[in-house]
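Shared between the two complexes below is chain A, which has chain B as its partner in the first and chain C in the second.
Coming up: the complex of A and B.
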């Protein structure tokens, strides 16, 4: 390979990278500088946190942060509790109708709850759950993706370990808890990261099912904040935008390797 | 054996109940609702057969939404998948600042679509926005990117591609790193050109990954409408109305249950058809290792 083509390729890769981060850099510039510099670049522009202070004061972001944290935690814990035994049953137990039930479950991979807004809203109305954090979470708790991912992992656990535990007198749930769950730890971390980032960012269903400050997650709160009475103060809107994305973004930058490997693990197979 | 069956069903029960209650059940009720009128006040829903579907056929907004979604899918899917492959090939080789470049590609994935939409909304603003700024250096004039029927949908497509390409890159990168290095040595010994190697070895070996990425890209093309809600609300004149956005409008802005249910059934049918195409037709031609 000629040196010059290689050189051009590297330049190309860098150009693409610069185009890709430019929007974010621009957002950072706008958020950390006074409004009059939002669209004007100057090396002497003073840095400020004023935009963040204004945004924080203009809407109940603290409450939105709390709501999203509760939501994400609730979904994660419930998904683990619900999907683990189901995945184990599919991986290591014989029962009539296994393949049929497995196929029925996998249908959710293509038809996700996100598309079924109308039907799910009616169910929540009947259950009296409209405008609750539980209602945002419920459609996602029985996750076909989670069950499938854990099943694939459980299938790789050596049968001898299972047999050994059984000989020691370990019960079914004991084996699941002591043998399978510890060995599947990387998968749990991977699935956890995917789940948290998905639900931290989820928008349409929460928008539909919530209508008060006490239940709204960050994404919905941000969209309301940005669309009402802020005029076009881009500095404040951008500051709010960065603020709401910050926890996930900072976590990603700190634990980049784990994130990337987790997304890979969740996708491959 | 009967005891094991019982135990298995007990283990499955919570997941199965939740799954059926919030995926299969709403799908079923939506299909039923699509044959009834919207209940109004004290008037209960009335069975009307396929009338709702007949109405849909003459609804110009439905056809616009379908057309927009098709255009949106036809551009975002190949663009984000090809860019993802290019990105993966780029960061799979040794080069200065590789980690930084990889991070640059992947970071948009971590942002909520809502945040992405807010940032891009600013770029598209006439006069002040980044795009008009850049154009003005080249003597270009003011352009209302999101207010112009011709540029509104392409503007949404750009946002989606920017957000998704880095995500798909990860999967290609994983597949590239799993490729045995002796393949490359063999090809070098045989005197095969790089392009030839890429076309004859890399691409076929990446097919399972491509299928996986495609499935996700297709789903996202129909599932992700957050940016439409924030940036254009389907406008101008429905130029950016996608199917799911139209469902949202019908169901929660016009409160027209019959229309929303009928639209949902059409979308479900479409997703089912695409799933069948991908796994039934494309899946057979993929070589798994």
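Coming up: the complex of A and C.
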């Protein structure tokens, strides 16, 4: 009985993995072969890097990479700085109306960012920030999800550790920095992955708020290949997709190991 | 009525520009205008538009033009509407001609005939093909100036036609010919079809291609100034039956939904003998086809017919008087016969006025590439693209039902009845009391 359940689990995992990886495999195949092999499979098909060259030349991708990198770094750093004290206050400080404020903040999770398009645009226009990278980032700097996630983690930190640090003469900020933040490292990494991949892929808001090459992120640049009026060239699309998602994929694979290790270390301590 | 004056941009009397400008103009300063254009940054079309803007500014030193490339049509509309609501909108934007009703209903745009008041301006407004002006003409006003316009044509592969014993120089001219000829082109490997006779895209612009069939059956889809639809008329049902017949009777069209985006590629790779597609693809197919191909008007049934498509320039409310005048000058320049012809040759879009086709450059082009003139010759039979109030939702209602028929889950009549019912409900608020 037990063996058969395990067998089923393995089969299920493999099937999910294959379904997940299929589009990626297709992209790999198509990107490295000439256009006429896009929908044909032949082992002898010639390999080529031409698609990558064409894709790279079709738009100022170097600039877009820089913009996206600045954007996600800016957002991530600001989110950590904003969310950490907020989460700490919600987790460990007693103040009047704490639960009400927390509930209000959680309500932000229910609101789709797209609904706020016009409102956000109006704010950016008033601030004179239209067509800047800061304008893309600003609406996302305070993250309810981040605060919630960190608060839940901070709650699991044993009160004794906090007390011990206090006995040693640690200040409030010192305790936050030396006790809570190190123990919440896996959460930071997990949240960082979610945040970076979300903003790496975000499309609608950056499109609406930016007007020029100097501020547009990768996703908006990628949309050049989606001009369906002219028909779709799968080879170039897949090459461009691989090119733009590669940093994210590599980061994911790298941090996945880090992720597990952090969990273990946090557990041992 | 909301009016926003964007004075911040308009009165930038830049010293450099004034130095270069003639003395008369320098007294007034430079008018800056910005327009959104539905293509992504860096594509081949952006280079053409950038070139036009540079040339225009060279000839008109008192106007500074900034094109902003905004992706797809839908993205461009979203961007223009959002920015306009926030008071920072563009002065002009090219969006789908069929979105005019929605823009008018939301009080976003101003009609061109209110600013084009001189005799020359009025003559200019009359110079376009009526079929292209139709979508932008609402309540007697002209709200949209045709620029990036297209229509549907049938492309056929001459090599395949020769191989199956047809006259390679002649495309099918009736529904029956379309069905019978394309059925001959089918090639199989076992049970699998390796070459289809015809592909008509069923996603993205489903209603648009379908509208061609309805027109050929002698019907129309909407009327009464965008307040009524006729989705379940006899002609509408007959048109849809033709599409279904291609799949089930002639079996020359793949069952299910053929993709808009891959149609041209299938055609170029010889996986289908014919496609129906936009003229906007003409240049792409011309540059990439490794075989001789022909372009035909869509076949006739009771009559010939094809909807127009593509985008019009719309003038947004945010523009002040000076900017409106500047926009008008830019548009008159962009749609002059010479520029319209140049644009058409560079992209494959249909030059929107008859005299553009009379320019020497265009005549030479058509002589060497007669396929380019097919769209023009089809224009007398063209109908305005389906456009109603609340257009996106009405078109979506029709598209959903059409796709249900294409995938075989519904019969044409039942589906169109459902679409008509939904559209009637959506249009109820716009009926005159």
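Points to keep in mind about this one:
Just so we're on the same page, the second predicted complex is superposed on the first by the 216 of 269 C-alpha atoms of A that agree within 3 Å, B and C clash if a C-alpha of one lies under 4 Å from a C-alpha of the other, contacts with A are read in each partner's own complex, and residues count from 1 in each chain.
In this text, contacts are C-beta pairs under 8 Å (C-beta built on N, C-alpha and C of every residue); 3 or more make two chains touch, one makes a residue touch a chain.
Keep in mind the model is a prediction, meaning the values are calculated, not measured.
Contacts of A:236 after superposition on the shared chain: neither chain B nor chain C is touched. In the superposed model, A:9 lies in contact with chain B only, and not with chain C. When both complexes are overlaid on chain A, the residue A:193 reaches neither chain B nor chain C.
Once the two complexes are laid over each other on the shared chain, residue contacts for A:216 go to chain C alone; chain B is not touched.
Look at A:31: by the touch rule set out above, it reaches neither chain B nor chain C. Legend: residue contacts after superposition of the two complexes on their common chain; A:71 is shown touching neither chain B nor chain C. Ranking chain B and chain C by residues of chain A touched puts B first. Once chain A of one complex is fitted onto chain A of the other, the partner contacts of A:150 are absent, as it touches neither chain B nor chain C.
Looking at the shared chain after the overlay, A:118 reaches both chain B and chain C.
Legend: residue contacts after superposition of the two complexes on their common chain; A:82 is shown touching chain B, with no touch to chain C. On chain A, the surface touched by chain B in one complex and the surface touched by chain C in the other have residues 38-39, 117-118, 121-122, 204, 207-208, 223, 226-227, 232, 234 in common.
Contact residues on chain A toward chain B in their complex (touch as defined above): 1, 9-10, 12-14, 16-18, 20-21, 23-24, 26-27, 30, 38-39, 81-83, 85-86, 88-90, 93-96, 98, 101, 104-105, 107-108, 110-123, 138-139, 141-144, 147, 172, 197, 200-201, 203-204, 207-208, 218-219, 222-223, 226-227, 232, 234, 237-238, 241-242, 244-245, 248-249, 252-253, 256, 259-260, 263-264, 267-268. Interface of chain C with chain A (complex): residues 39-43, 68, 70-72, 75, 78-79, 82-83, 85-88, 204, 260-265, 269, 278, 280-281, 284. Every residue of chain B that touches chain A in the complex is listed here, in rising order: 1, 4-5, 7-9, 11-12, 14-27, 29-30, 33, 86-87, 90-91, 93, 95-97, 100-108, 110-115, 118-120, 122-123, 125, 128-130, 133, 162, 166-167, 170-171, 173-175, 194, 209, 212, 219, 222-223, 225-226, 229-230, 244, 247-248, 251-252, 257, 260-261, 264, 267-268, 271-272, 275. By the touch criterion stated above, chain A contacts chain C in their complex at residues 36, 38-39, 58-60, 117-118, 121-122, 124-125, 130, 204, 207-208, 211-213, 216, 220-221, 223-234.
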